[in-house]
C-alpha cells in the first residue's frame, strides 16, 4: 500500500495546539502527530520547555500526512490566515511515500 | 526602615534575591517546570484549605464590601493603564492594555509570600481574604480584553464582539485559581484537617522559599526580553505595583472604617492589587489579545513587577498598617 | 450510613471527588507524570517499609493461607470475567478478558488509601497483609493473557504458546511492585527506621491526598474513552469491584475462622480484590494481549473501577468487618 | 561525503520502542533517532505525555537514515507485519541528502 | 508566498545546543527549531532524557529552513568541521516547500 | 568490622545497594530527572545553609590550611592519574586524564551521605568543612583540561592555549556548586533559620535515601558502558577512591596536628577526596576534553567509584578517625 502523500509541518506556539488540531480535524485529515519544540524565529527565542520555568509559549510541531496535497494546502491556508499574523508560525510541505498507515 | 532590613533577611525575600543573583552570575541550576507547577499547586491549595476551614463559621456577609472593592480595583487598574501606559507614543496601545490587564490580575505566589509574612508577624486577617483573589483577577483580565477589542474596533471597525463568559471560564479554569478554589471547597465542605496539619501546612514556608528562588531566577532571565520593548514598560512595572497597592490600601482603609475590615485584610487587599499575574494571566491574555506582544507584558510583570510587589510592596503595606491602625 | 458520610469527608475521598469535579469543570491544573510516579513510589515504598519492619518477628507461616486465597481470588476474578463480560455479544472476547485481568490485578493507590483509613480508625491488621498484593496481581495478569491466547487458538488455531515466566517477571519489574517489594526487603533486612519516621511516614497521608486528586482528574478524563466502547464495560466496572471485594471478604472470613486472620487483614484482602490495576497492569496487558483495546480496559478501570473501589468498597468492607467480627 | 539516503519514519506507540529498535538493529542500520510524540489517528487521541498523567500509551517517532532504500523498506515491512495490526502506527519514507555522518 | 527551500537537520549532543545555535545565527538563518531527541549511532546508545537520570548527553535535533541551499551547506560544514570529530552527530538536508513564514 | 555491618544496614547504604539490586533485577521503576535534580538541589542547599549559618561566628582563618590542602589534593589526584591510568597502553591518554579529573572533582551526594553519617554518630566537624568542596573540585577539573591540552600539544602541536577562567566559571555555575554556594551565602547573610528548621533539615535524610536509590540504579545501568572500555577503568575506579581518601586523611591528620583541624573535618576532607563528581564534572569535561570518551569516565565514576566511595570509604575514614584520634 505504498502511496505518494504530502507531509505538512506546522511549527507554532503551544497555546494554539487545540485550535490547530481542530482545524486539521475539520479538513478530514486521517490523523496528526504532535511534538514539543522550542525555537528561534522572528518572535524572539522560545524555549523547548526546558530552560525557562515560566515559559507559557513553548512551541509545538504538528505533522499531518495527507494523501491529497490540496488538503494540506487548505489546512495551511486556514491556519496561517487565522493565526500567522499574531503568533509565531512557520509552515512547510514535503512529499513523502507512505509505506503503512491504518487509513489515509 | 529596620522593617525593610529585617524583611530583606527573611527567607521569602532572601531567596528571591538569591535567585536573581545566581541567575545574573549565569548559574546552570534549573528547577524543572513540573516541580515549579507542583509547588504553586501545593501553596495555593494550602492557602485555600486554610481559608475554607476557617470560613465555615465566618459571616460571609462581611465579605461583600471587600469583594466589591476588589472588583472595582481590578477594573480600575486596567482603566488607569489605558490612559497612562497605553497612551504613550512609544507604546503600542494593545501592549499597554495587556500589561495593565496583567497588573490588575493577581499573583498566587505574591499572595502566598504575604501570608507567610503576616503569619510570622502574627497579624490577623479575615480568613476569607485570600478568596478576594478571583474577584480582582477575573474582572481585570476581562476588562483588558474588552478594552483591547474596543480599541481595535475604533481603529479598524473589524473587531468581533467580545464574549465575556468564556474569558471568565478560562480564568477560573487556570491552574492557580483552580487550586485555590479547590482548596476553599475542600476546606469548607470536608474534613481535611489531618492532611492540612501533617502535610500542606508544614511544607508551606519551605516550598515558598523554593518558589521565590525560581521567581528570582525567572525575573533575571526575562530582563532581556523586557529590554527589547519600550523602556516605559519597565517604568510602569516599577511604579504600578506600589501605586495599585496604595490605592487598594486606601479603599481597604475605607472598608475598615465602614465595616471593620481588619488591618491584615487591608494588607492582603493591597498585596493582591499590587501583585501582577505570573501563571494564569499570560495565556489568557495571549488568547484574548493575540496582537499584543507577550515579551512586553510578561517581561514587565515577571522581571520588575513581581520583585517590586514582594520586596517593597509587602513590607510597605505592613508598615503602613502598623502606622495607621 | 453515617460511616459513608464521614468517609466522604475524609481527605482520601474528598480529594478523589474534588479531582473528578475540577476535571469536569475543565480545569487546566496539571500535575506532571514525573510527580505522579514519584508519589506512587513514595507511597508504596512506605507501605513496604512498614510491612518489612513489622514482619521481622512475624510468623510468616500465618501468611500461607491468605496468600493462597489471594492467588485463587486473582485467578477466579479473571475466570468470572471470561464467562460474564467476555461472553456478551457487544463485547469483543479479548477486550472482556483483558478487563477481567485488570480488575483481578491490584491497585497500589487503592491499597494505600485503605491503609490510611485503617490506621486512622485504629483497626489492626497483619503487617504482612500488604504483601498479599503480588500474590493476587500476578496470577490475574498471567491468567488473562493465557485465556486470551487460548481463545485466539480456539478461533484461529494461530496463537503461539504462552510463556508464563516472562509475564511474571514483567509484573514483578513493574514500578509499583518494585517499590513495594524493595520497601519490604529494606524493612526486613536493614534499619530504615530513621528515614521511615522522619520522611516516608509523615508524608504518607499528604501524598496520598495528592494522588487521590490525580486519580479523580484521571477518572473523569478517561470517561470519554470509555464512552466509545460498549456500555457493558461501564456496568462491569461499577459492579465488579464490589462483587470481587465481597467474595474476598467471604474467603477472608473463612481464614479468620480457620487460622485467626485478623479483621483488618480481611479488609485488606477485600480491598486488593476489589481494586483494579492502574499503573503496572495496563502495559503488561498491552504487550500480552495486543489485540485487546486499551480504551476498554483502562477506561473501565480508571474511570469507574477505582472510584467505586475507593469510595464505596473501602467503607463497605470496614462496616462489614465491624458488623461481623 | 554528501550521499543520497532514505529517511524512514515510524510513528507508533511508546511501548514498542524497544521492540522496534531491536528490529532496526537487526537490519544493520547505522543508527536511529527517537523523539517523544503524541498524536491522533485511527486509534483515538494519544497524548504527547503532557496532559494525561496516566497515559501509558504515548507515541514515539523513530527516524532511521539508511544509505540503501531497500533496507528502509525491509525495516518498514518487518515492523508493520509484526505490530501494525494491533498497535497505532504510521510509516513513511522520504529521500534526503546526508551531509555528514560517522557511518551510514 | 510558496517558496522552495532547504530543510537542514542536525542531530547531535545536547551540550552543543548553544554552540550550534550560535553558528546558525552567525549565518543569518531566519530561525531554527529545537527538539529533544535520543538515539543510537556510532557513539553508543543515548537516551532521550527519559530513562537514565544521569544522562547529561541526550541528543538535540535542530532544524533550519533556509531559502538558499548554500547557507544550509555552509552551516553544515561549520558544524561538522568544528564538532563532528568529537561528538555524536548526523547532518542531512531535504528540500521542502515553505507555505508560510514570517521571513526566510 | 561491625561498623561496616551496621553501616550496610544504615539507610544511606541500604538504599544504595537496594538501587543496584532492583536495577540488576530489571525493574522498570524510574525516578525522573526533574525529581533527581530537585533532590540534589535540596540536599546541597541544606548543606550550604547549615554551613553558612554556622560560620557566621567562625574564625575563617582556620579554613586557610585545609582549603590549601584541598586544592593540592585535587591537583594531585589528577597528576597521579596522569602517570598511572593514563600511561597504560590499553588506555587512551585523554580518557585517563579525564577520568582522573572526574575523580579529583567532588560528588555532592557522597558529601551529603557523609554528613548524615557524621550527624547520626554525633561526630563534630568544622561547619565550613563542606565549603572545601569547590577548593578541590575546580582545581581538579582545570588541571585535567590543562593536562589533556598539553598532551595534545605535545603529540600534534595543534592544541589551542587553554583559558583557565572559563573553566572555573563553568564549574562555579554548575548546578551542584551553585546550590551549595547559594546556601552558604543565604545562611551567612540572611536569616533562613525558619525554613531550615521546618523544611530543609527535616527532609534531608529522607531525600538522601531516595538519592542513594537513584545512584544505585544508575551505577548498575552504567556498568554496560564501562564494559565497553578497557578494564583498567574499572580497576582504577575501585582503588582510586580509597587511595585518594587515605591520602587526604593523611594530610588532614597533619592539619589536625598543626592547627587543630577536627577529626570530623579530616573525615570530610577524606570523603570529598575519595568522591568522584557525578553532576557537574561530566559536562565540564565533555566540553573541555571533547576527545575523551564519556563512557569511560562517567562509567568509571558512577558505576564503581561512587558506590566504593560511599560504601567502603565513609565507614573506613570514620573507623580510622576513631582509631587515630
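In order of appearance the chains are A, B, C, D, E and F, and numbering begins at 1 in each one.
Definition applied: a residue touches a chain if its C-beta (ideal position, glycine included) is under 8 Å from a C-beta of that chain, and two chains touch if they have at least 3 such contacts.
What you see is a predicted model, and the numbers here were worked out from it, not measured in a lab.
**Student:** Which chain has its C-alpha centre farthest away from the C-alpha centre of chain A?
**Tutor:** The most remote chain is F.
**Student:** Average the CA atoms of each chain to get its centre, and name the chain whose centre is farthest from that of chain C.
**Tutor:** The chain farthest from chain C, judged by C-alpha centres, is E.
**Student:** Please tell me whether E-F or A-D has the greater number of C-beta pairs in contact.
**Tutor:** Per the contact counts, A-D leads.
**Student:** Quick one: chain A and chain D, Cα centre-to-centre, how many Å?
**Tutor:** Spacing between the chain centres: roughly 19 Å.
**Student:** Could you tell me the distance, in whole angstrom, between the mean C-alpha positions of chain C and chain D?
**Tutor:** Each chain reduced to its C-alpha mean, chain C and chain D end up 35 Å apart.
**Student:** If you average the CA atoms of chain C and of chain F, how many Å lie between those two points?
**Tutor:** That pair's centroid distance is 42 Å.
**Student:** When the centre of a chain is set as the mean of its C-alpha atoms, what distance in Å lies between chain A and chain F?
**Tutor:** Comparing mean C-alpha positions, chain F is 46 Å from chain A.
**Student:** Out of chain F, which residues touch more than one other chain, so two or more?
**Tutor:** Those would be 30-35, 203.
**Student:** Residues of chain A that contact two or more other chains, please.
**Tutor:** Residues 35-36, 50, 94 of chain A touch two or more partner chains.
**Student:** Which of the chains touch, listed as pairs?
**Tutor:** A-B, A-D, A-E, B-C, B-F, C-D, C-F, D-E, E-F
**Student:** Tell me, which parts of chain D touch chain A in their complex?
**Tutor:** 8-9, 11, 35-43, 48, 50, 59, 61, 73, 76-77, 79-80, 84, 88-94
**Student:** Please name which positions on chain D make contact with chain E in the complex.
**Tutor:** Of all residues in chain D, those touching chain E are 5, 7, 21, 25, 30-36, 65, 94-103.
**Student:** Taking the touch rule as given, give the residues of chain B at its contact with chain C in the complex, in rising order.
**Tutor:** Result: residues 32-35, 37-38, 41, 169, 172-175, 178-179, 182, 185-186, 189-192, 194-195, 198-200, 203 of chain B touch chain C.
**Student:** Mind pulling up the chain A residues that touch chain B in the complex?
**Tutor:** Contacts found on chain A: 13, 15, 44, 49-57, 83, 85-87.
**Student:** Give the list of chain F residues in touch with chain E in this complex.
**Tutor:** That would be residues 30-33, 36, 214, 217-218, 221-222, 225, 228, 278-279, 282-283, 286-287, 290-291, 294-295, 298, 302 of chain F.
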